[in-house]
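Dropping the structure in here first, questions after.
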């Protein structure tokens, strides 16, 4: 599963790249979604053990994957979703007030 | 423990209470007079210790020099408060009290921490006096405050260096950070190059404020210099240059207050020379000169203040009302003039001759002579305008009694010291072994004054002239402009583009990673 | 010149991102080289003792609602914050959205669909300690009901069916209920949010009614999340 | 130690009850809010009183299995700060906030809960969660006025702070994968065997994430934007608590988890001090350029936090004491300044510096307090800012960062330039007639209280310092912390 | 069993071509729907492969949300695509 | 064998992510978002994490897309 | 014996499903316009899905798992036509014209 | 129909729960009754109570018929479409056909629409509710005769549905 870690790195970098280059506000928010999902993927990868069973112990298993990162992942997902929702609401608000989605035109605050 | 400084500060707080005018007068008088009495009865050698943070502070430490200085400060305080009590509002009066109190505390302070704190308190209170005094002084106050705080901060930095080098905060021997203390004292003393705040502040501020400021601001610097930086011979030449510069500038002024301000620079030059010689005589001479200078310069400022009060302007022409219309003021002015010119039997004479006695090098002796000569010349101009030039300015109102009271009080003291110069020595508990009314001293003392009269008569055309172009160059404004421009450029970089900010952030992350990993 | 500048900027950004990736790669590689699987004693404890200690089969749930229930409280708070933000960004007037008008096929299907969706949500919430899911997912499934109503009919109908005030009330009650259930632990002399340790659980492990407070906490979170997400969605729809 | 957990629950409960009360009984708001704040104050005092020796509270009674809350002197200092700021701000806001009143209080309480959680928790992930609570509700408060600038500032804040949170989360995950635990004490025990490179990378992620929220240059750009058009009582809490809580988290993570030895080895201390110096010089220069009062104060906040950073990154006992004292002082001073600004805004909607011209004569006491606070923040005696700056410089010189000490004094001078500008404007008389709504007592009283604290702590700094003096022992030697957390 | 999963995933990747290429939004949505159903099947198969019946819940919930997604996309994508802003 | 599926899914995930980022049209990117989420769900199930998988199905493949779609509707026109 | 038969059934069902799914993918790629693609996306997909799920049912035998899979089948059967219909509606909103339009017969 | 909803949801609940015992039953009863009370008026009105009780067996039979026909048709048409997909040159000729239905109830028209969408190479595009008219996109209609033939197939389904639900 070494590829998975590389994928995490790629996704993280991709998210960063999106955030720092794309001009469209929605794209930026999407970059955050990618970034967040990469972290969650990392969490799940951390929890995984080869040959492990899912941590729902309806009968005894020999190897069980680590439940803590999964719990953390759940929390992180919820937090990420809330933040995304707030961001999108603010994006809509900005569009209604500025009439644009271009980041570079949000320049009322300067100096 | 009641010290005069804290007494004054208490008075300031009392004055902030909502009281009517009568009680205000009573409080002011009680505080000032009380401070004078307390100062008088302070015993040299007394000190008081206080634990603060991890230091042991000495907020009060009395010795001979500080007692004399404190005494004259208290006297000046009494006179100045009496002089200005009718004119200024209660809030400004309270600030003046804080100012005087902190100046007194600085004089009696026994460690660098206390010194710095009250030094800055002086700065703050005086700045606010200037800022709040009238409408035209806002920018002046801004400038003044910045200069003074720069000086204060260099005291602070010197203190830190000293503390880290020696591990204590005692006031006696400075080992590290001498340049910074020098810078601080230079700003306070209005050395040439650092003098720009003085004429500006003293001429723009209302006259009653100027009176108070002129008593303390530079003099505290002198006193601190005498403690911290005595015996650095090279400074004597700097003082000389400063004084000569002040002379030239003072001769070119048309306004009485500016003239007096520049003349402060000259007088401070005397004190610098005295201190930097470093001998007992030199320092004692400097302190005595400080006392004398406070007396006659305050009187002169007060006199000009009366003129301003009565006529509304401070050009030299307006001094013409002296002579007959305001007799008390005129007499005081004359006495002060004679004192400042170093005429025997007047007070300036004794300290000047003491300093001259202490000076060994011929160049400095000649310089001192030149300074006396210049001083006489300047004040001859002043006197000429006041008494000899016919003018047709009229009084608009009568001078207040309180003003004349303050004036008269100081004049009496001045005469007293002039006639009996050993008074100061007694107060300081030293015997310098000088006979002031010696023939030699009297001759060397009066010579510059006598020379100045014919020179003034000869060059009257040039001296008494309405100068239009003033020599004025301020490098601090230029420096400030550079700073402001830098700030403007920086501010232009913050143009609201989110991408730029994010780019900065990412770059920071990479730099951080690189720095921490390798 | 400006094009060159832009090119350079883009290249610079690319270099930044690539160097970040390289750093991450180095770190991941080093972490991979370390043998750190032996250090998971905490999770081993959870796995071996968790079922007895908490009574929940789903260890993730028992971690989420028992061992680390405080995190869940914070998470619920975040969601509540988000819902509150969105609801105050809403203006009074309503926004017109362009949209395809659906035929009645959709509305009929939705009508048919909704009770079963509710059952699904209830199942997910109440079986949170036995099966994956739990309060959060169940709440979202519940929140889909008003979303579907909004899509197929209109916002007005959805808000008539589920009043905004009621939703807010439900959200607050869910959050308060979570805390109050946590305080049950304090009342019985244990610590805040104590559950398995305080031996609340009736019932046998693996049954529906077991695991002490966990199902109730799940229920509270479910109510809160459902109401909160419904608020968020409707606010987004209405937002001007 | 039940009170410790109540510190987090009470604001949450209050926030939810406000949400309910909005629907049914609207008039209860002011008493509810004030009463809750008073109870909260009582709880805070209770906890602070019992903060020494440090205590541990197990949430859920799980011991080391679950989440622990810990009250140590460092957190007690922050609780003290909340205690000082919270009640005045709440009382102030009851009158001040006019629109979205309920929401304002909900978010304020949520933010406080988040900050209290961050301060108390001893669990790394829980720290992240509460950080997210506080930063999201703080975003909400920025947007509360619902103006163009407010929304734009919110967006920038959201983007930046979310970016920071991501890196914190990343570092947390990597930490977990390295150590298998989230308890700070256990992590710091486990970290002794981890190779240097991994640790330094993790540290740089932590530092980056938190520094975005702290706002050192060049990560500061969102701060003035958020301050410009947000409700001003929020700014008090923001500059006083939100930014500081990020500082708290950073310091706790660095000193407890990584340990002072590692910080020294990796050069983080040098980086921190240098970063601080750069930050406050630039921030002062920028602040001079501002014409908006809130923006000016925001840049000043950036600079002050740089001072704090220098103090805390010096890495000696004196530095930690100084930094912590400056944290407290800055909260008080900036709080006073913002509250006075808020009253000016309330009375005659003064936003720009020119707008407050002549108010020095209309509001003598408030202006006096403004002057006191600004002199204190500049660092002039005899106010509290001077004492802490003195301590910072002294610590910096003691541990060899002489340049930092020197530049702090230069920074003091630079900061005087713009504060004096404001003060001079304040006392400039104008002809124009000003429309003035008289500020009521509930607006003036908190301001005066905070302003008097400026003077009090300047003259008698030993009151807070007696609490703060215990901090360095816990941070410099993380063994103490570990012992208490694992043993208790 | 695994081969079937592999095959279905491959088909999903094939169908993703339509999402990338698809000239219009409805094309893409249809392809998205197809991919979603395929993944649903993958989920069911995986749950049987791992012999954990609880995984079926994932498939069920995913199916519901796929439907919701398609509905909302069909409802609110109402105009032909415009160019991206800037970039 | 499972590894091959897993790696394939990973590659698919990366392709989807790149497509999401680099496509010019936002609505296309949003259509790719649930696919991205679905792949994540399958990956999570393979990694034996049903809880996060179901949450991801609900959030990334569900609600986030919904929010994005609404945002696009409100902003593009 | 019966085991082998069950295995056979399973493989038949699954292979059929795979065939249909493949045709879905190919049809999605190859078909020229939207509506024809929708045909592929509806019928082939449904057939593939149902047969795969039937295979699963056969594999599991009778039990709650099978019931759940049946629930999934029903879910698909209900939702997928609606989804396709809705996409068709969306296409109409975009003013798509099908490739060949026959004469309108009922209008005669 | 509330009862029907209740029964259906309870069945679903048991399916989900994956076990049958008294706890599950009690909790399921509570929840399903709440749900059916709250949401049933949005629920299916497809079957009347009376008819449900009266000829239950017959209905079940028809239901079985319909379902089998449905799945059969799905598979048949899927085969046809997939044949088109694998042809070298796709040889279909799509057309739009309009069809009038005689069904009365809303739910039955909807079910018919589902029927139209999935089997037989057709695709329901739109329904004109007032005229009860379907717009159908037909995949392979080569001539008008074929169209009539195919319409007849739909009529067959229509009759079945009418028997079942109308």
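First chain written, first letter: the chains are A, B, C, D, E, F, G and H, and each begins at residue 1.
Just so we're on the same page, contacts are C-beta pairs under 8 Å (C-beta built on N, C-alpha and C of every residue); 3 or more make two chains touch, one makes a residue touch a chain.
Predicted model only: the values in this text are computed from it and were never measured.
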Intersection of the contact lists for chain B and chain F: A, C
From chain E, the most remote chain by mean C-alpha position: B
Remotest chain, chain D as reference, centres from CA atoms: H
Pair joined by the larger number of C-beta contacts - C-G, C-F: C-F
Inter-centroid spacing, chain H versus chain E (mean Cα positions, whole Å): 23
Between chain C and chain A, distance of the C-alpha-averaged centres to the nearest whole Å: 15
Chain A and chain D: spacing of chain centres that average the CA atoms, whole Å: 28
Chain B and chain D, separation of their C-alpha mean positions in angstrom: 43
Shared interface positions of chain H, touching two or more other chains: 12, 16, 18, 113-114, 124, 126
Sequence positions of chain B contacting 2 or more other chains: 491, 494, 496, 498, 502-503, 506-507, 509, 513, 517
Sites on chain D at which at least two other chains make contact: 125, 129, 132, 136, 139-140, 143, 155-156, 159, 163, 177, 197, 201, 225, 286, 289-290
Complex contact set, residues of chain C against chain F: 58, 60-61, 95, 97-99, 124, 132-134, 136-137, 140-141, 143-144, 147, 229, 232-233, 236-237, 239
Partner chain F, residues of chain A touching it in the complex: 1, 3-4, 7, 10-11, 14, 17-18, 22, 24, 26-27, 29-31, 33-34, 37, 40-41, 43-45, 47-48, 52-56, 65, 70-71, 73-74, 77-78, 80-81, 84-85, 88, 91-92, 95-96, 101
Contact set on chain F toward chain A in their complex: 3, 6-7, 10, 13-14, 17-18, 20-21, 26, 29-30, 33, 36-37, 40, 43-44, 47-52, 55-56, 59-60, 63-64, 67-68, 70-72, 74-75
Of all residues in chain E, those that touch chain C in their complex: 54-55, 57-58, 60-61, 64-65, 68, 71-72, 74-76, 78-79
Complex interface listing, chain A residues touching chain E: 22-24, 27, 53-54, 56, 58, 100-104
